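The same chain A turns up in both complexes below, where it pairs with chain B and then with chain C.
Up next is the complex of A and B:
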């Protein structure tokens, strides 16, 4: 029985754009240029393009799986794997989102500690971020959509930082083009996964969208927008920094913010990191919401209590990850799990579901 | 469970005399009336006396202060004394009143007598009488508005009498669709409330929600409409008012035409309207009187000054305490020299000054006018200058705080003014502890609160969050009247077209 959400808790179809854009643009965008430069250098923009196309295909598969079933992931798991195994898979899915919110929170806390407040403890930052994210989760899906929309509005001032490096670029950094093998370019795409994961939240958020068929095109636009943003940012970074130097810069995007020179303000990256607080809020709020909703749908426990417990859990666990290596490891783990989920599990679900439905139809006919 | 029992009990009490399934007997009614009279006679202002007419005697009772004394001598007694009636019912034809109620219902007699009606009975114990309405009009005349003053535009404001207020609105809305529904709230005060709306534009849901909530109010003392606003709000603990109050009839009429529902409380000069959005609290009548781009500019100035008033001091504290690297090189000399010698960190300095300004403001409200001017000058100028010279505070901060205080007064609505004043403090404290991240966190919590807020069920930050582009034409900016052909979607009006925009915007071609 697919789940039905009351109409006053649903959102208009064009919010699909904000969901996907909001959860994809997070902490990956601050450091991905270094990762790509290490792996593949100045042809990285082709990698980003290919990853974007791959994500569009996977989004198409996600839509097909959801449409055929009509409900959310818990229903799909129940249908395909039965109640107990399906419940287990749904719990794993919720834990995946919990990990995502933990990673985003810890990475942002590290950035604040490195760039703004060296002596501020993790507890204070995580308390603020987690507490704020919880107030959005407790307002329901609609208020999370509100912050998705508003965070895009509040992050528009950051786009002026793309204009300031332009007088200092070296166009010859882009050459020689296409001197990597296609195989190398495509295999570098797995480094970009961290920037694109997150739209699996659609698996749980699909029933909350009015007229889902109309909403599909907004999802494709969203991935197109994120891809374009990443390509633009990558090209400007590559034009400004030579590849060798880029390997040593941990957060190239923040370094690009340092170039901004406004008459009334000296260091723009402080403003940038403060605005970034609003950019990661949709990530953490949506992940927390998805995790607690997954648990609620499987076990029927109160979502508010689950959300509070999960916030406290990631608050506490984040404390034990102190060094740069730990955080790097965490990002790598999430990247691998995400890759496995997006490029492995979703196609698997797609194929399995079409087989099961064909078998059911044949059985139904006879 | 106990609450339900209580409610059921009061409901049956109410139904006893109204539905008339079991009317009390004549003896019961007479006893109840005589008990009532003996209670009333303990007050000196209750007048009750027998008069002998040509063929019968009558007893006239009334509450002296509530009745116009000249009218008794002029409109009632001469006619009574010279009439030929023998029964109470015939007196109706002799008295020069349009509506006289002849009733045997003791509850109604008690209620109306307390409201200032005159009771005429045959003799004292008779539970059967005539009720005449002759209440004296106390209260002030219609005066210019004090809180929502406008430079151009009509200068009428509501007064405390319900009938005068409805008359002021009816003058501007001479249509039959304008409906006025009355009910009474408050157990002890029994105040009259009139719910007004335009049938055919206002959505029935809004009317029903408001009426239902008014009926459900359980409180004894309802004196002012601001009490009702707090009891009828969707979120009673939010600093943001969810129903807008106004003392201008033209504002009420514009809101009614857009499809809002309003209610007027007898005794309060403020009319409350809903459902509303946060942008309504920043609009003034002058916006509609000027050309659209001037009006848009002033509206943006107003919004900008509110933002400045909330964020200026917290940003000062955050930047000077934690992020001094942000200050441009030319400015840093001024700031450092202004803070030299100040013994407190910026957060303590800012809190002290903010609290001083709040004290000044509260004192200014309560001072009698003669003393007020002196204290204003003493407080504002002397204390400020002296504290800068004593190095207790920096002059840059003083400028910022004074400007922020001034800027917060640009809000046309008094309730929102108070909210803006209050909002500054959480930002200030967060800035003192966590710098700009603190300001961002408190701002995010504020946004979360606003996203959940509803006014009579409709979203509070309406043109922004459920992004209705067509409603943005009157939010941040005010587009010209030629663009305002549709009513805003917030109230879900039944009839959303205002004017025939084609005919309104029709232009002849060149040289036609």
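Up next is the complex of A and C:
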């Protein structure tokens, strides 16, 4: 029997937009321009566009897999792989989300340390971030949806900051267009997809959405929105920096805020990074929720207890990752798993499920 | 009750977070507003900083800032901080830096090490002004100017004000852009202390990060017109030997086109369109009748001066106008080495079109 969620814990269809946008836009937005500049430079926007289209296709597959089954990923795993193997896969899936929340929290703590408070210890920052995220998780899925919505509202003022670099843009930087081989453009897409990962959370959140058929279009809109945001930000960055300089900048999006010159404020980065807290909060809350939800569904334990244990776990592990190399490595590992999951495992599930259903149907008929 | 208790725990836990970060009270820090670097000897540099000191002046409530300036000699490659801190009774904070000056002798040997320090510091903004000093940076920073007690604010205002009217746009971001960008070289204003005022002597030209030469201030306007589009410029047209006409409120648009970009003889077309208002002219020359003629004189003068600039830049092999970047945007096979080799022989065609309108209050 697929899982059923009582209606008083479900959310309206359009919240699909906030789930996906909320978990996709996070820590990667601050630095993806550098990665793309290293790989292909001015043609990067084509890569983003291609990745965006690919993600729409993957989202379609996710929808199909979920619709056919009617439950969540745990049900699908059970159906396709049986109780034990399926359960194992589900636990791995949960741990993947746990790593995601760890990466986001640790990277944000590092940014706060580098840019704002060099003397502030990791424990204080992570305690603040993790504690807030946990309160939302313990409030249940609907309160997480609340912070997803608010994060979009709170972060809109940041769009104003994109007007400040405009006097310094150089349109020549986009030329010559299509300068790179199609192969290079596509291989860079591998790097770009990392900024789209996270929407796999749908595998667990799907039963929480009322009238899921109506919600589908909001999912496609969300990925469209993320793609457009990435392209806009990338174009501004590439017009603002020469490529050689961009390659050496760790967080180009934050560096752009340095040009913001307001009469009442000397350093806009402080505002930007503070507002960014609300952008990463849904990231951490949703992935923490997904991790604990996975454990709940597999082992049938209270989600609040797993959530608090998991927050403490990532809080402690985060402390031991203190060099930038560790954080980079962790980011790279997570990105590769995310890439493999989205572009490998999801299509695999899709194909496997349709084969299994076909076989079942044939057996049923005869 | 249960809820209240939980709330109390949550709120009181916030108290634990207080006090982790060192507070910085404005009275207990020194805000560095200007930095100066000078050549000292082969292995040492002279660093100078000025910080404002705000002291109360009796009961008026008005706080007049005075500048405190001091210098240290430091070994090349060492950051100045430690030594400077040893002279300061409060911690130095660099977050409100306005100006950095470099002595000409130091600039000849390459500035990047000194700019990189600032570039890497997350506290420093991107709109600060950089300038080369004809002479020593220390002298300017130690000078007492009558207009403003704070030399840092004075210098920053001087550079920014000129940037609006007739001097090309420049700040730390622009310098870094040209330094890192392919097919371009950076520039800075060149300052000189003349009795009790600092004046902009011209545009200091760099090859990479080495100062090579400068364009005199008279050439700043034609340079700006080729460098960027702008509004609100002003220019004086020489009508004859001792008669000038001042054109104000000029809006200028520059447009680049490149032909034969991938060949060894690219042709670069620079088209400048200017719109301005005629002001301040004496009755010896009737502007109304002669407006077309004044336009022509202005076009010819600007073209002549522009071409002189281009010749000089090509001869020096420096490219502050970013011509190489313009060619790059047309050429897929572009490379910096190839460009540097052909740059001195590149053909640049400058075309200036002017439209003037008359203002003034006497017919």
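As a convention for this text, the second predicted complex is superposed on the first by the 366 of 366 C-alpha atoms of A that agree within 3 Å, B and C clash if a C-alpha of one lies under 4 Å from a C-alpha of the other, contacts with A are read in each partner's own complex, and residues count from 1 in each chain.
Keep this in mind: a residue touches a chain if its C-beta (ideal position, glycine included) is under 8 Å from a C-beta of that chain, and two chains touch if they have at least 3 such contacts.
Computed from a prediction, not measured in an experiment: that's the story for all the values here.
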| item | value |
| --- | --- |
| A:172 touches, of chain B and chain C: first, second, both or neither? | second |
| Partner chain in contact with A:132 - chain B first, chain C second, else both or neither | first |
| Touched partner set for A:12, first chain B, second chain C, both or neither | first |
| First (chain B), second (chain C), both or neither touched by A:117 | both |
| Touched partner set for A:203, first chain B, second chain C, both or neither | neither |
| Touching partner for A:142 - first (chain B), second (chain C), both, neither | first |
| Which of chain B and chain C A:258 touches, first, second, both or neither | second |
| Touching partner for A:244 - first (chain B), second (chain C), both, neither | second |
| Shared chain A contacts, counted only where both chain B and chain C touch the same residue | 117, 120, 124, 128, 131, 135, 266-267 |
| Touching residues (chain side chain C, partner chain A) in the complex | 10, 13, 17, 20-22, 95-96, 122-123, 125-127, 173-174, 176-177, 180-182, 322, 325-326, 328-332 |
| Interfacial residue positions of chain A with respect to chain C in the complex | 114-115, 117, 119-121, 124, 127-128, 131, 135, 168, 170, 172-173, 175-176, 179, 241-245, 255, 258-259, 261, 266-267, 269 |
| Of chain B, residues touching chain A in the complex | 322-323, 325-329, 434-441, 444-445, 447-449, 451-452, 461, 464-467 |
| In the complex, chain A residues that touch chain B | 12, 112, 116-117, 120, 124-125, 128-129, 131-132, 135-136, 139-140, 142-143, 146-147, 149-150, 263-267, 270-271, 273-275, 277-278, 281 |
